[in-house]
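In the two complexes below, chain A is the common chain; its partner is chain B in one and chain C in the other.
Now for the complex of A and B:
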């Protein structure tokens, strides 16, 4: 691949950081279920999915570190909470099981749309990595869909908890497609094959059809410019948890 | 100066040694039979080996990397050994050799389901995951059920055999 100019490099770094932080933070929220999921099989599944997501984040941080001449460990663990760029969907603590299932469904469907696009990126390394990630994420998506159906077909109180979680998360889920500052440059270069707005439209059409029968008519909602920059106390708490070792043991690495 | 014969011999010795390095998570199978060795290139002063991780987040990759580096370094066939991790081509379960599939079965793992080549289309990807039936590695029965598409490592799923009443694992198809 030819050498990127400074503007393109900066835009690519912004994209990589957004996707990596999404994977990293949802991986850590999922790991909060290890040992206390509703059943043993789910303990194993949630832990395995969390390990996948954090592994994806690591590979993306390593690619980012090459692009920006930085260090993957520093990017992952050496930032203040305000410097993370995950979508607002991932600002909430794990909540109950229905809440986690609703969030995971909204996340996995969006991630599938995003990875399908990135696997066609003109940036060879990014296309290779996301192409490989997609094969693994297929298992996550099927798992999320199975749980959504299972809770939706459950007793009335279960279905209502799920519906309530979907309604609460709906606006924040849009932010997975929040516009990036350097998006125009990335689309022109084919690094991001389609604008976030196009990906958002594809995702919305698919997801509304699946969740509105459960949660009722959902309001019109669009990604906003601050969709990846607002942080919460829930996230600040998680950040304290996942940086505890790196912050306390100077020589700690992945 | 390296003659073509020397070159082929050195390359052969590297492949032979790689075939003796066990997978860190399933020691019954070698890295070569698992299909994670992408390429071996030897030139005047270095040997370059590409490893294709089974899963992006596989925690065994760092162990594989240092094991390959140490063992090939100890062969003395090159002044320098370079081990690279790459996703091109992506590792898929079709890369496991016939011998490797048999080794998996003998150690209680159902080898991954073999199907038509997986197309890189969204529809094709959905089909690859979570097959309801796997052949029991203990009794050969197909009267089995999927307990959990996620198992003790990223690459394994858990099944149960209704005939010999054994739980068993299958190496996932990706």
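Now for the complex of A and C:
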């Protein structure tokens, strides 16, 4: 592919960082279930899916490192909490099982919409990578849907916990489609085949139909400009956890 | 939500054409999660070409010793139960003797 000009490169870096940080952070939150998931089999499944997400983040960080002439490990572990660009949905701590299921469902459905678009990107490497990611994410989505249905069909208290989690996460889930500064450049170049607002509309239509029967009518909500820049104490705690080893010994290799 | 877990027996095939071999089993409350768990336990490292996931209660089990290990000598039903080596040798010698006459 032809060399990108500085503006396009910067816009691509912003997009890659947003998607990579989403995958990285949800991977770490869900790995908090390792050892304590509802049953042994689910423990293995949840941990494996969390590992998959971190694997996707790694591949995206590596591509980003090439684009920006940086180092993937430094990007992943060497930033202050405020420099992460994951959506507000991923600012919350793990919560109970219903909360994690609700978040995974909202995330996986949005990720599916986003990856479907990015797999058609004019940026060949990005299209190839997201095409590969989609193959694994298909299974993640099936798993999340299975649990959503299971809890929704469960006893009243289970259903209510799930409904409550969906209502609590609804506004922050929109932020997965928060506008990017360089979005216009990316859409013009075909790197992002559709604007975030279009992807958001496609996601909302699909997800409302699935979650409103559980959670009731959800308010109109739109992504906002600060959807990927607001950080919380929950995330600062997680950041301390996942940078502990990398931060302990500078530039260690193992 | 049914909290009743069932046991599912998992069979795996390493490559197309290989026999399906019993891999082990998983606990799961329904078929859908059984499929996910079987995939995680017996396929997540790319080691399987195909899985069969069967509820254990669909398996007909036979373990009656009267049927499987009856008390009388069964050696005559085994391929090795009827020894013909020495008979063959005798037949060969006989044939050689007849030819020499």
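The rule is short, and it goes like this: the second predicted complex is superposed on the first by the 251 of 254 C-alpha atoms of A that agree within 3 Å, B and C clash if a C-alpha of one lies under 4 Å from a C-alpha of the other, contacts with A are read in each partner's own complex, and residues count from 1 in each chain.
Here is the rule we go by: contacts are C-beta pairs under 8 Å (C-beta built on N, C-alpha and C of every residue); 3 or more make two chains touch, one makes a residue touch a chain.
The structure presented is a predicted model; accordingly, all values stated were derived computationally and were not measured.
With the two structures aligned on chain A, chain B clashes with chain C.
In the superposition on chain A, A:153 makes contact with chain C only, while chain B stays out of contact range.
When the two complexes are overlaid on their common chain A, residue A:131 makes contact with chain B while staying clear of chain C.
Applying the stated contact rule after C-alpha superposition, one finds that A:55 touches chain B and leaves chain C untouched. After overlaying the two complexes on the shared chain, residue contacts for A:143 are found with chain B and with chain C alike. Touch criterion met: A:45 reaches chain B and chain C at once.
Shared-chain residue A:92: touches no atom of chain B or chain C. In the superposed three-chain model, the partner touching more residues of chain A is B, compared with the other of chain B and chain C.
After superposition on chain A, the stretch of chain B whose C-alpha atoms clash with chain C is 131-139, while the remaining options among 59-67, 77-85 or 131-139 stay clear.
Taken together, the two complexes place residues 41, 44-45, 48, 139, 142-143 of chain A in contact with chain B and also with chain C. Contact residues on chain A toward chain C in their complex (touch as defined above): 39-42, 44-45, 48, 139, 142-143, 146, 150-151, 153-155, 158. Per the touch definition, chain B reaches chain A in the complex via residues 55-59, 86-88, 90-92, 118, 120, 122, 125-126, 128-130, 147-154, 158, 172, 174.
On the chain A side of its complex with chain B, the touching residues are 41, 44-45, 47-49, 51-56, 58-59, 112, 116, 119, 124, 128-129, 131-136, 138-139, 142-143. By the touch criterion given at the top, residues 1, 5, 26-30, 32-33, 36-37, 39-41, 44 of chain C touch chain A in their complex.
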